[in-house]
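Starting off with a structure, shown below.
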Amino acid sequence: MTSDPFFHPVSGFDLPRFAGVPTFMRLPHVAPDHPRFSDVDVGLVGVPWDSGTTNRPGPRHGPRQLRDASTMIRAQHPVSGMRPFEQVNCADLGDVGPNPADIQDSMTRITDFYTTLHAAGMRPLTAGGDHLTSLPVLRALAKDSALGMVHFDSHTDLFNSYFGGTMFTHGTPFRRAVEEGLLDPKRIVQIGIRGTMYDSEDRDFAAATGIRIIPIEEFFARGIPDVMIEAREIVGSAPTYVSYDIDFVDPTFAPGTGTPEVGGPNSFQALQVCRELYGLNIVGADMVEVSPPFDESGGTAFLGASIMFELLCAMLAR
Amino acid sequence: MTSDPFFHPVSGFDLPRFAGVPTFMRLPHVAPDHPRFSDVDVGLVGVPWDSGTTNRPGPRHGPRQLRDASTMIRAQHPVSGMRPFEQVNCADLGDVGPNPADIQDSMTRITDFYTTLHAAGMRPLTAGGDHLTSLPVLRALAKDSALGMVHFDSHTDLFNSYFGGTMFTHGTPFRRAVEEGLLDPKRIVQIGIRGTMYDSEDRDFAAATGIRIIPIEEFFARGIPDVMIEAREIVGSAPTYVSYDIDFVDPTFAPGTGTPEVGGPNSFQALQVCRELYGLNIVGADMVEVSPPFDESGGTAFLGASIMFELLCAMLAR
Amino acid sequence: MTSDPFFHPVSGFDLPRFAGVPTFMRLPHVAPDHPRFSDVDVGLVGVPWDSGTTNRPGPRHGPRQLRDASTMIRAQHPVSGMRPFEQVNCADLGDVGPNPADIQDSMTRITDFYTTLHAAGMRPLTAGGDHLTSLPVLRALAKDSALGMVHFDSHTDLFNSYFGGTMFTHGTPFRRAVEEGLLDPKRIVQIGIRGTMYDSEDRDFAAATGIRIIPIEEFFARGIPDVMIEAREIVGSAPTYVSYDIDFVDPTFAPGTGTPEVGGPNSFQALQVCRELYGLNIVGADMVEVSPPFDESGGTAFLGASIMFELLCAMLAR
Amino acid sequence: MTSDPFFHPVSGFDLPRFAGVPTFMRLPHVAPDHPRFSDVDVGLVGVPWDSGTTNRPGPRHGPRQLRDASTMIRAQHPVSGMRPFEQVNCADLGDVGPNPADIQDSMTRITDFYTTLHAAGMRPLTAGGDHLTSLPVLRALAKDSALGMVHFDSHTDLFNSYFGGTMFTHGTPFRRAVEEGLLDPKRIVQIGIRGTMYDSEDRDFAAATGIRIIPIEEFFARGIPDVMIEAREIVGSAPTYVSYDIDFVDPTFAPGTGTPEVGGPNSFQALQVCRELYGLNIVGADMVEVSPPFDESGGTAFLGASIMFELLCAMLAR
Amino acid sequence: MTSDPFFHPVSGFDLPRFAGVPTFMRLPHVAPDHPRFSDVDVGLVGVPWDSGTTNRPGPRHGPRQLRDASTMIRAQHPVSGMRPFEQVNCADLGDVGPNPADIQDSMTRITDFYTTLHAAGMRPLTAGGDHLTSLPVLRALAKDSALGMVHFDSHTDLFNSYFGGTMFTHGTPFRRAVEEGLLDPKRIVQIGIRGTMYDSEDRDFAAATGIRIIPIEEFFARGIPDVMIEAREIVGSAPTYVSYDIDFVDPTFAPGTGTPEVGGPNSFQALQVCRELYGLNIVGADMVEVSPPFDESGGTAFLGASIMFELLCAMLAR
Amino acid sequence: MTSDPFFHPVSGFDLPRFAGVPTFMRLPHVAPDHPRFSDVDVGLVGVPWDSGTTNRPGPRHGPRQLRDASTMIRAQHPVSGMRPFEQVNCADLGDVGPNPADIQDSMTRITDFYTTLHAAGMRPLTAGGDHLTSLPVLRALAKDSALGMVHFDSHTDLFNSYFGGTMFTHGTPFRRAVEEGLLDPKRIVQIGIRGTMYDSEDRDFAAATGIRIIPIEEFFARGIPDVMIEAREIVGSAPTYVSYDIDFVDPTFAPGTGTPEVGGPNSFQALQVCRELYGLNIVGADMVEVSPPFDESGGTAFLGASIMFELLCAMLAR
C-alpha cells in the first residue's frame, strides 16, 4: 500500500480549518460514480437516519455535524504516530440516502450501498444514524459468515420488541443480528452497560446465547487495559465489527444523544478503549447515536469525530 | 351550559405558575378511564408523534412542552372577554400513545382514540405532533361526512408522495384526506403559503380540486380582516376543522419547528387570525409542528399555547 | 449646561467596544463617595433585585447585562441628532445593594439611595430589577407631590395582592403607588396592555381611579403618533415618571423577561414610543424586567440598553 | 410489603418516554385529596421555591424539570437489582404551593404539608427548591427528636446570617436546624465541601458543635468506600435525613445550579455515594438547588432525577 | 441559455434535506480545477474571513453555516416562478482560502480568486465574511470601470479609519472603494441605515461625494416599492453590485451578526427588497456579516441563505 | 507587607455577588492614571485580543466574561487558607486597548503597557486574549534576562509559521519567544500536550532546544504530584512565567475555547496543578484562550476565574 496525494486531507496549515466544503476529515468526496471510487480502501460513509429511535430523535443530523466537526482532525495520531491517510486511500463516500418515513425501505437502501462497498473490497467506517443503522450494515458485511463484535454502549440493544411487537428499533439491532446469523454471540462483548433497567430480558438473552456484558462498574473497577485484554480474547483474530454508540461516554461529555445514561467514561477513556483495539481484524466500524439537536455546543460531534479517527487508526493497526 | 368547578384551571393567584404537575392550561387531567371523562365537552389531547417528518424531527416532544408553556395561560380572553373554562367543561385528556417506529400502527391508535372522543360528543383540541397527525384525527371526525377546513401554514401539505412513492408523510396529509373523502376540497382554504418550491404539483392539485390557496404576499397585501372574510365564506356554516401549523408564523417568532419558511406573520397576526374564526362551526382544531429541540428559548411553545387558547375560544364563540 | 470631558463615554474608535470594565454606556463609574458625585446631572443606577417576582426570576441579573450590552451604544442619536453626554453630566452611579432575602429591607435601601440622589438634584435613569423596583424609587422621587406616569408594559401591575394577601409583588407596585399618593391616577397612562387575564380586578381599579389603559389592539389600530399625543396630554407638563417594562415589547424581540405576553410591538416601535416623549417634564425613568437567564442571545439586554439611550435623550429633550 | 399495580410507573415499552403528563418517575399523581393518598408509603414531593437564594435564582423551576427528566428513569436498579416501585407504594404527591414573595409564609406552608405526610406515616423524597427548603421539611420530620444527617454539598450552609442580619437564606438552614434542635450536630456529616471561602465562620461553628466536614480533597484522597464507612458510623442506626445539594457534583456535570464550585465529583461518583447509604435508617431525603434556567441541556435535571432514584432505593434498602 | 442536469441541485424529494455533503443550495461543488469549471455562469463562493471586524468576530464561519442552511432551499421562486438553476449553470466554487492573521495577504488572495472568475465571464454570488470582503471582490470586478451599488445595511461603512489610522476594517470598505475608483459614488444607494452614531463623519463623506443614504425611518415611512424605485433610478442600467449586510435586517430576525442595530426590517421585508432589484444589471452580489457563533438557532443563516436565493434570482431576472 | 482596606474585594455578605460593576474578583479598578496605581503589588490585567487566532475566534471577549465570573470568587483559599487580598495590594488595572485589525500595532501596545507595570515593580496576572498575548507580555517582563516557564496547554505553540509564512499567530508565540531570547528553552516545561498532530515539527524544535514536553498520557500515568516535582525542578528558583491555556483542561469542562482537544484533565486537576506551583519564583502569569462565544453556560469563564485565583495564590506563596 502506498500513498496517493489525491486521497490526502487538506491541511490546516494551508487552508484554515473553518474554510472549505466540509467532508469527513477533509478527505476528498468520492461518491460511487466518481472515477476514483474503486481506488478507495477505507470509505467513510454517513447514514443520516433515525427511524428506529424510540425516544428523542436527531441522529439523522449526525453525519453532517460529524463532517463539520471532523475538519478539526489533523493527520497524525498523537500516541501511535500513525498517519492513516498516508497508509491507505481514505475517502468520504457521501451519505446513503434514507427514506425517513419507511424503515424497511431505508434498511434495503443501506444494505445495498454497503453491499457495493463490500464487494469492492472496501472497509467502511460509518457515521450514523441511530443504532438500528448497524443492522443493515451488518447484513452487507456479514453476508458470508458471522462476525465478532466489540460493542461500546450504555445499552445492550438486545431487546426483542417494543410497543407491543415492533421488531426493528434502535433497542433491538443486535438481537436481530444474532437471530439472522450476522453476529456470533460467543464473539460479542458489550462494554459500558449501565443505567436503570426495564427488566432483565436483554441480559437473559445475552446469558443464554453467550454474549459477554461488561457493566460500567466492572469497567471502572478493573480498568481499561484489563477489560480490553478480555475483549480482544473474546473476538479473537477472526473478522470483527466495532460498534461505538456515543452514549457509551458519559452524557456530560456527550450530551448530544437521545438516550443518555449518567455515570459513564470520560473523554480520555473514550479514546483509550479504541487504542486497545490495535491488532484486531476489523472489517468495519461505526459511530452512532450522535444527535446534533441535543448537542448545543457541538462538543459531542467533535468527540465523535475524534473517536472516528481513533477507530480509523485501529482499523489500520494490524 | 353551566360551569363545574372541577373543570376550572388552577389560578396563578393561588398556586404560582411554575408550580404543580403541568397539564394543558392547568386543567384537570381526565384520562379516558377517569370517572368524569364523560362530562368533558372540549378535550385537549396530545399526540406526541413525528414519524411523518421528512426533514428535522422533534414534534414528538411538542405536547409536553406545550403543556409546560400553557401553565402561563390565564382564564379570560383579553379582547372578547370570554372565559372559556366557565363556558364548557374542558380537560386535559392526556396523550395518545404512538408507536414511534411504526406509522400505520400509530395512525390506527390515533384514529381509535379520537373515534372514542367523537362518539362521546366531545370536541378535540389537539397538540401535535407533526402535520401527518391531522390525517388520523380527520379519519375519526369526518367518518360521516366531509369537513371544511381553515388551514394556517406555510406549506400546502398537498403533495402526492416522497422518496419514490411514500404516501404518508407530513407533506401529504391533506392530499390523502381529500382522496379519502374526509375533507371537501371546495371548502378548504390554505392561508400563509410561502417559501421556495420544488415545483407546482401541489398547486396544480389544489387548482384541479378547488382548494383555495392564499399565499403570504396576498395575505399581507389584503390584510387579515379581508382575507378572513373570504375564508369564512369558503367554509361557510357547515362543520369545519381548523388546522394550525406553527410554521405559518414567521420562524423568528416560532423557531421551534422542522421546516421553517422565512417571511411570515408576526405573533400579533398569529393571534388575530384566530379571532376572525369566531362564529364558525368548528368540530375540532389542532396546533401542530411545534418542535422543542429547535425551540431553545421555549418561545415557540408559549406562542403555540397562546394560539391554542385562541382556538379554544374560537371553538366556543358561536 | 456645558460639557465636561470627564463625563464623556469612551469611544469605540479609541477602545474597541468589547474592551474595558463595562459601565453603563461606557460612562465614568461615579459611586456616591466619588469626588465628582455632586457634579452628576443624570445618574444611571442599577437595581439588581427581583424579590417581587411571582413567576420566573432573573431581573436581579439585569443591571450587569444591561451594562455589558450598553457598551455598544454610541454618542449620538440617529434621528434627533442629540448628543446627550455633551448636554449634561451623565454617570454610572453603580448598583443599589439589595437584600435578596428580605423585601422590606431592600425597599428601604432603594428608597434611601434615591432620596440621596433626588436631594442632590440628580435625575435617575434606572436599570432594574423587576417592576416592584419602581415603588421604592417613586417613594423617593414623589415624596413631595404625586407624579404623572407614562407606563409601557403588557401588564397593568395594578393588582391588589397575590397568594392570599401578599401586597408587595411585581404585579402590585402601581396600586401601592396610587394608594400612597406617589402617582396621580388621572395622570397615568398605561400603553401596550395585553395577554390573557385572571379577571378584571386591575381594570376595575383603573376605571375607578381614572387611570387610562391603552390595550395593544388600540395601540396598533391607532398608530403610535396618535396614541402618544393622547399620552402626552394625559401627563401634561407637570413632573412625570416614565416606567418601561421590557415585556411591553413582543417576547420574540425581548425573550429575556419573566412574564412574556405574545403579540406586542417590534423593536422599531419600541424605540419610536420613546421619541414621542420629547418635551415632557421627566423626573426619572426606568427600564425593568430584563431577565438575563432567559436572554440566551443577549438581544433583550441590547434592546433594553438601546431603549435606555432613547429614554435618556427624552429626559433631556425639553 | 406487597405491590399494588396502581402504584406502578408507566413503562417505556408501553408508552414512549416522551409521552404523557410528566409526573415523578411516571408514578401516579396522588394529591392529598386523592382517595389512595393514605396508601402511599414514599411520597415524592416538589417544593418549587427559591426565596432563600442569595445568588443566582432558579430552583423554583426545579420540580417541574425534574419531573420531566425523571420520565427517563426505568423500574430496576442496575447494580442492586432493586425494583423499588414493587417494594412499596410510591407516588407523586404534587407540589407544595409556596408564596414566592414571602419567606415565612412559604416555610409555614411547607412545614404544614410535611407534617401531614409525616403524621400519615409516609416518608418524603423531596425535589427542591433551594437549600432553605430543608429547614421547613426538617421542622416537620424532626418535631419529636433530632435527626442525623448525611449531607452532600460543596457548601456547609452553616452560616449565621447574610446582608447584615438576615437569618433565613440557603446559606443558613443547617445552622438554624441545629439551633432549633432538629439535627444532632454530632450525627451530621458534610461531604464534598470546597470552593473559595468568605472566612472560617462556618467551619468554626462545625468544630464547636461536632459536625464532621469532609472536604473534597479528603474525599478524593481516601476514596468513596472509606469516606462512606465513616459517614455511616457518624449517623449510626438512628433516624437520619439525607440532603443532597446538586452542587455537590462538579458544575460541568451539573451546571444547572446557582452557586457552583469547580473541582467536584463526576456523575458516576454522584451515584456511587448513594449506593453507600444502603442500610441506614432514612426518614426522608431531598435533592435541592437544581436550577433549570442555568441547565440549558437538561443534563442537570436528568442527573438529579437519576440521583433521586438512587436515594429512593437507599431509603428502601434496609 | 439552456439547462444542463449536471448543474441541477439535488431535490429534497430524492435525498432528504439533512443528507449529503452540504454545498450551497445542493449544487455541484466545482472548484477551479474541476473539468466543468469553465461552464459555470454564476459561481457561489465562500469567503470565510473576518479580520476586518472591529467588534464581535465570527463571520469567518459564515460560509459553512450558510451552506448548511442553504440545503433547505428548493428550486423554484414562490412569487416570480423563476427556476434559476434551469436558467443558467450555477455551482458552488468552494471557499477562497484566507490568511486569518494577515489582512493584506487575504485581500490579495480574494482579489486573485475573483479576477479568475471575472476573466472567465462568471458572475459571483458571495457568502462572506465580514464587510471588508466586498473591497477585494470589487477590486476584481471593477477593475475596468466603476460600478454602481445597491447596499442594504444598518451602517454606511464609509468611515475613514479606526484606532488611530487603521484604514482597512469592516467599517471602511466603501470609503476605500470610492477612493480607489471601484464604485461611482453618484450611483451608490445605502438603504436601512440606523443606530446610534459616533459622529457624522460618514454622512459628511456621503454628502460630499453624492452617495444617497436612506435611513430606516425614511424606509419605513415611504414603503419598499417607493424606496426601491429611487434605488433603481440611482444605479440605472449600468453594471451594478449588490451588497447585502445581514445586519440590515432587525437583529431579532438575524441575531447572528457582530454589530447589530435594533429597529430594522423584518424577514418578509428582507426578501421583498431583493424582488425589487429585478431588471438591474447586476454583475455580482454578496451576503456578508453572518456570524454563526452568535446565531444559536441557525435562523440567521437560514434567512441569509433565503436572501442569497433571492439575490440569485435578481441576478438572472433581466 | 500589610493590608490596605482600599485593596480589599467587596464581600458577598455585604453586596450580593450579582450586584455592582464587575471588576476582577471585585477588586478596585485602578487604571494607570489612578492615584493609587503606584501602590499596586499584583495587577490583574485584561488583554481583549484574538488577532493571532487561526481557528475559531472569540478570546477578545475573554476579559469581560472573566471579570463577570470572577465576582463569584471569595477571599480565602479553601486548602492553603491563604487570603491573598490581605497579603499584598491587588487591583484590576483594566484592559490594554488592542487594535483588532493590526497585529503589530497591538503587540506594541501590549508590550508598552506591561513595560510600565514591570518598571513600577508590579507583577501581572493576565486574562487573555489568545495565546499570542503571551509574546508581547514576555517582551516586557523578560527584557533583561530569559525566563523559565511552566506552560499548561494541549498544544505546544511552538510552530514556525502558518499559511505560507505568517510568523505571528497563537500557534507560534513560544517559538518566537525562544528565538528572541525571552525564554530559556531548558527551563520550559509544557504539560498536557495532546490531540491529533499536523506533523512533528514542533516536537522536533522542542527536542532540539531542550524544551520538556509532558504529553497527557504521561501526565495521567504518573499523576500530578510526580509530574509537578519534575516541573518545579526544570524551572528551579530563577524567575519563571506561568502560562495557562484554558484548552489544557478537557473541553467538556472548558468548552469556551477555540481549538479544543478532547481527553484532558478535569476541573479538580485543573486547580491541583496550580497548587503544586507554590514556592516558585513567579514573575507573572496568564490565563488565555477563554472564548465566550463558545461558552454558552459561562462555565469556562468561571473555571478560568477559579484558576486565576489559584495562580494568584501561587504567585504569593513563596
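Letters A, B, C, D, E and F mark the chains in the order given here, with residues in each chain numbered from 1 onward.
By our rule, contacts are C-beta pairs under 8 Å (C-beta built on N, C-alpha and C of every residue); 3 or more make two chains touch, one makes a residue touch a chain.
A quick note: this is a predicted structure, and the numbers were derived from the prediction, not measured.
A.B. asks: Using the touch definition from the top, list the chains contacting both chain C and chain E.
C.D. replies: B, F
A.B. asks: Considering only chains that satisfy the touch condition with chain A, which of them also satisfy it with chain E?
C.D. replies: Common neighbours, chain A/chain E: B, F.
A.B. asks: Just going by residue numbers, which of A-D, B-D or A-E has an interface where over half the contact pairs are the same as at C-E?
C.D. replies: Comparing residue numbers across A-D, B-D or A-E, the repeat of C-E turns out to be A-D.
A.B. asks: Would you mind checking which chain's C-alpha centre is most distant from the centre of chain E?
C.D. replies: Max centre-to-centre separation from chain E belongs to D.
A.B. asks: What's the chain with its C-alpha centre farthest out from chain B?
C.D. replies: F
A.B. asks: With over half of the numbers shared counting as same, classify the chain B/chain D interface as same or different.
C.D. replies: Mostly the same residues form this interface, as more than half of the numbers used are common to both chains.
A.B. asks: Find the geometric centre of each of chain A and chain B from their Cα atoms only, then give the gap between the two centres in Å, rounded to an integer.
C.D. replies: Using C-alpha averages as centres, the distance is 39 Å.
A.B. asks: Counting only Cα atoms for the centres, state how far chain B is from chain F in Å.
C.D. replies: 55
A.B. asks: So which bits of chain F are touching at least two other chains?
C.D. replies: As it turns out, chain F has residues touching two or more other chains at 14, 16, 18, 54, 56, 60-61, 100, 162-164, 252, 266, 294, 296.
A.B. asks: Which chain pairs here would you call touching?
C.D. replies: Listed in label order, the chain pairs in contact are A-B, A-D, A-E, A-F, B-C, B-D, B-E, C-D, C-E, C-F, D-F, E-F.
A.B. asks: What residues on chain C touch chain D, complex-wise?
C.D. replies: 50-54, 56-58, 60-61, 99-103, 105, 162-164, 166, 168-169, 293-294, 296
A.B. asks: Can you check the complex and tell me which residues of chain E touch chain A?
C.D. replies: Where chain E meets chain A, its residues are 14-16, 18-23, 29, 46, 48, 60-61, 63-64, 67-68, 92, 94-95, 97-98, 100, 296.
A.B. asks: For chain D, which residues are in contact with chain F within the complex?
C.D. replies: Of all residues in chain D, those touching chain F are 54-56, 162-164, 193-200, 215-217, 220, 250-252, 255, 259-260, 262-264, 266, 294, 296.
A.B. asks: Using the touch definition up top, name the residues of chain E that touch chain B in the complex.
C.D. replies: Where chain E meets chain B, its residues are 11-14, 16-18, 72-79, 252-253, 266-268, 270-271, 296-297, 299, 302-303, 306, 309.
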